[in-house]
Amino acid sequence: MVFRVAVAGASGYAGGEVLRILLAHPEIEIGALTGNSNVGQELGGLQPHLLPLAGRVLEPTSAEVLAGHDVVFLALPHGQSAAVAQQLGDAVLIVDCGADFRLHSAADWEKFYGSPHAGTWPYGLPELPGARAALEGSKRIAVPGCFPTGVSLALFPAYAAGLAEPEAVIVAASGTSGAGKALKPHLLGSEVMGSVSPYGVGGVHRHTPEMSQNLSAVAGEKVTVSFTPTLVPMPRGILATCSAKAKPGVTGDQVRAAYEKAFADEPFVHLLPEGRWPSTAAVTGSNAVQLQVAYDESANRVIAISAIDNLTKGTAGGAVQSMNVALGLPEELGLSTSGVAP
Amino acid sequence: MVFRVAVAGASGYAGGEVLRILLAHPEIEIGALTGNSNVGQELGGLQPHLLPLAGRVLEPTSAEVLAGHDVVFLALPHGQSAAVAQQLGDAVLIVDCGADFRLHSAADWEKFYGSPHAGTWPYGLPELPGARAALEGSKRIAVPGCFPTGVSLALFPAYAAGLAEPEAVIVAASGTSGAGKALKPHLLGSEVMGSVSPYGVGGVHRHTPEMSQNLSAVAGEKVTVSFTPTLVPMPRGILATCSAKAKPGVTGDQVRAAYEKAFADEPFVHLLPEGRWPSTAAVTGSNAVQLQVAYDESANRVIAISAIDNLTKGTAGGAVQSMNVALGLPEELGLSTSGVAP
Amino acid sequence: MVFRVAVAGASGYAGGEVLRILLAHPEIEIGALTGNSNVGQELGGLQPHLLPLAGRVLEPTSAEVLAGHDVVFLALPHGQSAAVAQQLGDAVLIVDCGADFRLHSAADWEKFYGSPHAGTWPYGLPELPGARAALEGSKRIAVPGCFPTGVSLALFPAYAAGLAEPEAVIVAASGTSGAGKALKPHLLGSEVMGSVSPYGVGGVHRHTPEMSQNLSAVAGEKVTVSFTPTLVPMPRGILATCSAKAKPGVTGDQVRAAYEKAFADEPFVHLLPEGRWPSTAAVTGSNAVQLQVAYDESANRVIAISAIDNLTKGTAGGAVQSMNVALGLPEELGLSTSGVAP
Amino acid sequence: MVFRVAVAGASGYAGGEVLRILLAHPEIEIGALTGNSNVGQELGGLQPHLLPLAGRVLEPTSAEVLAGHDVVFLALPHGQSAAVAQQLGDAVLIVDCGADFRLHSAADWEKFYGSPHAGTWPYGLPELPGARAALEGSKRIAVPGCFPTGVSLALFPAYAAGLAEPEAVIVAASGTSGAGKALKPHLLGSEVMGSVSPYGVGGVHRHTPEMSQNLSAVAGEKVTVSFTPTLVPMPRGILATCSAKAKPGVTGDQVRAAYEKAFADEPFVHLLPEGRWPSTAAVTGSNAVQLQVAYDESANRVIAISAIDNLTKGTAGGAVQSMNVALGLPEELGLSTSGVAP
């Protein structure tokens, strides 16, 4: 059976990556592509890398255009998904790449996003305990943020096994596509090449409560998160360096065992052999996660580091993976675990 | 039917890309992987982006190991392919990613490579006039060099239509993977980032006679090539800026028409609409070629510019495309035309 | 004696580089800094690399603000310099980093810039035959374009010595700062990293007539220029690959001798020893030019390649060098020939 | 007075940067340049960016060659400085860019470097409490490691003011020149571009005890350090993201005040205005440090982030700054605080 899919927000980086992945998916037919300011333009000029869709023309993002598809991917600015979802009805599978339906806490949502909370949808990170079951058959999916994907996968095994104190410290490096196609001076090539810089420092980044939500649920206690994102000179990729103090008596062997157990059956998460460390290049363009963990005895901390492609596993690949689960398709269908490297 | 494939030289950039592409090919089963100094090592430590093959162990490059496959890809240093080919016999399809069997002229071979000429095999650039027919059913394929791929595609339509004088001037920018994994000081990241530099200037680059051979065959007269390669700070991609004086009376419309005709039915070559220009990012990791042509009236030159991924269409993708032709498979099987961008 | 200098357009890349160089100039005191949309802002937020000027506030670009300085650098959009110059009077040295006063031909100006021609000022490329004398004591300087700087230095010795046919073919790679701080989608970091692309192809780039003007003056005959600029993933630097057919009977020794003679006494131009080639990294942040030349016998072409920093020797360094000449200061004062590498 | 300076290890990145800075120093005359495997080669082929020294020839690294200078910079592999220093005698100022004399604890030295401890010299980070006084008139200087420079400057004010718990968590991004010119596969341009990866994870990096030593001295109690370095795709620069839990009752205002006090009179450290964050590009090629600090209330952590150029303030610039202090010269002499940006 072939599912007919529409993509709203097809001219941005998230929408483009959804399309790149769907083009390789054997059970998908690509239907309507919608935009906003660029309605009427050919995709070839906006996403020149999507050769098979070069002649497609962007339509308006409206319920009329999006109707009649089996699946609709929303790659829209925050706050616009709820209205579209309501108009599309309950029968269509809606995969929201935005933030609108990720958080359980209305208070957190309002504090970090400044608008009324729209609700909570099943969370599209199948590797998290309980997440896969919630996605099966669901007609609504909230795709995780890119940083929360990398961070949650890196740390949840430590919390699930009760090995870490509930104060996580995270520094994550992101490629520039994480900031989207917005025309901002600090995102110009001249500014980002040769430069690393932090942003959203001090607990203000919007992905912070999402990480805390994921880790707290697994830990069974409130996990605070100190999160510092940095922008690095590459288009794609997130390397998340995550650590937490070890609970008393924890050993390195326990840590290793917890991670091996957590990912033993996960097709996309590759816990590296000891002595090797993840690199973002190795997962570029793929849905794979590379992960390593260490126990630093002198500092008494568990250090877990993950590498993902922010646009693939961090957004569009995770979205298609979750779609596969929701539709009852094989979870790996259409998703590559080979990175484009070097 | 599934073909069993061995790859000799699996730890280098060319061999790695062959494997990345074959992993997505529905009619291929990956057999022996061979190396040289790294025999016995796991591929996971050498090609960390090829997650599905991480546990595979490199075997010696010998006739014993390579025997028993339907297809053998050779990604070996120049001069080593002939001996291997002879031992494997005539029944196996051998796809040589090296230079050994590309040149017709023994004199050119000896001048540029400094060793005896081993012979000439059908040339793996199906888009060239006559090439596809020579590949069909062949048991031997000489994969073109990366620069000759981009340059020949950019210029042959002008010569095929008799529009250009037989003196081509080419400046091509290449990503660093074109230089291979060799440990040379000028290839260190610290040296290449922030830097563009030429090499092999003045007619001494080994790809020069190959370009001249291709263009001369199409032109029906000897085409001299002034070729300057430059190294640019990116891992992959070739942008070839090619020009030649227009023959008397040539018009811009004639030039455009010649290119439209040449590529009308080619699945991998995308002649861009007028006003848009190729970029290497758009074809990264894909077998697509982006191409544009202009006629500069004041300088009276035809300027044709192509973008390819040097490892994909420029090496491994072109190799698999030619293998498909030789095996009678659909030419596009297993090959993507969507680049990994941004 | 200390000269008091104002910089109009201090928030852009050219203005910032003028300031960076002037900060190291022992005979200069930095006076007014002017902007446009960012008047009233501190320079620290706009040019964070200029620590000594972080607290300076941008003033409006007006005759009142710019008056009372010995030297005024104009780093303004094309077409705005003439009006400012007229208001400042004849006593002040005006160094125009824009294009307004570079071209002799009003027809060329109007064709390429689309506005009335404002006139011609002494040309700020002291290495060109005759240029130094015209700059001495001048109160007006037209700073060359960045591409014409690299290209003219690479090719004028061949034309001065009568060695090259009057049809030059040039392909130049430029870092992204050459395109300025404008917020355009194709200049985003996500787009430029990993990508090389051409622009202004086919004789339409505005620097073309300037190159032709410089080379024709030296050659004593009209030199046509086929010029293709490409954008490469680095912030700074231009590598200009320039070639022309050799006149009959020319030898490689003659070519070498012509270049050695042309640059024997030039403090900023470094003709490399044979066998070494320029790289843009080697001249980053410096006023040096690295240059090499070869004669390709099989293609019968002279190939000259230069590397400059587009912002330094290509704009602000060349401007300060010319200012030194005009003011009667030592030409090298305040200018470095050490690049910031790696 | 002019001091005559020799540089041992002039072909590496550290040695090259020492030379680049000394070329701009008004009280220095550059004497002998020594190398190892490249003795007899011209510097122009090894450090092509140092145009004024292009014709200089490398001599052997021996006491004979290094004798007769006022100052000798050692940029040698670890473990080689002690023997050279002993032979040169007490009258010459020796500035060791290596690690040999940085650590007080012989046990730490032996654990992390695996050889006998050679001793401890005055530490070349003048901004640290007490360091400047120890450097004045000294004939021996141990230049800090690049990471300890960035990290110690970022965190010492918090510890000096008693605001932070003695468990620091540090994740630092470094440009590739930090790894030197060694020919290692993971340092190839093809591997580093587009990639971020960690190394030396889990308390094993050699700079860890040096950071702990610096912070503990200031804190008056043992400060443990969890340090994770990452390699990012740029040639130069370190961004150090450092945090520690705040002591009970600490407020954001106290934190800000402590940092303002610590750096009020420091010429090279620029505590940014609130709301702006450091970037490595802004300090490229300069001896400046950009620094910002925040108090994250929800995680109760002090987060301090510094940007330096690893080769300049992190090595050669810090070395020259300390040399200035030792020689009684103005501390800023010959050192720029303007970065080469964009």
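For the reader, a short list of remarks on this structure follows.
By letter and in written order, the chains are A, B, C and D; residue numbering begins at 1 in each of them.
Here is the rule we use: a contact is a pair of C-beta atoms (placed from the backbone, for glycine too) under 8 Å apart; a residue touches a chain by one contact, two chains touch by 3 or more.
Labels paired with UniProt names: A, B, C, D = N-acetyl-gamma-glutamyl-phosphate reductase.
This structure is a prediction, so every number in the text was calculated from the model and none was measured.
Chains touching both chain A and chain D: B, C. Interface comparison, C-D versus B-D: the higher count of C-beta contacts falls to C-D.
Inter-chain centre distance (chain C to chain D, centres taken as mean C-alpha positions): 35 Å. Here the spacing of chain B and chain D, counted between their Cα centres, is 45 Å.
Counting partner chains per residue, chain A shows two or more touched chains at residues 13, 176-177, 188, 190-191, 193-194, 233-236, 279, 281-282, 284, 341-342.
Residues of chain C touching chain A in their complex: 13, 175-177, 179, 181, 183-185, 187-194, 233-235. The part of chain A that touches chain D in the complex is made up of residues 167, 169, 171, 173, 188, 190-191, 193-199, 201-203, 208, 224-226, 228, 230, 232-237, 239, 241, 243, 245, 277-282, 284, 292, 294-301, 303, 305, 307, 341-342. Per the touch definition, chain B reaches chain A in the complex via residues 13, 16, 20, 23-24, 44-45, 47-52, 54, 176-177, 193-194, 235-236, 270, 272-273, 276, 279, 281-286, 288, 290, 336-342.
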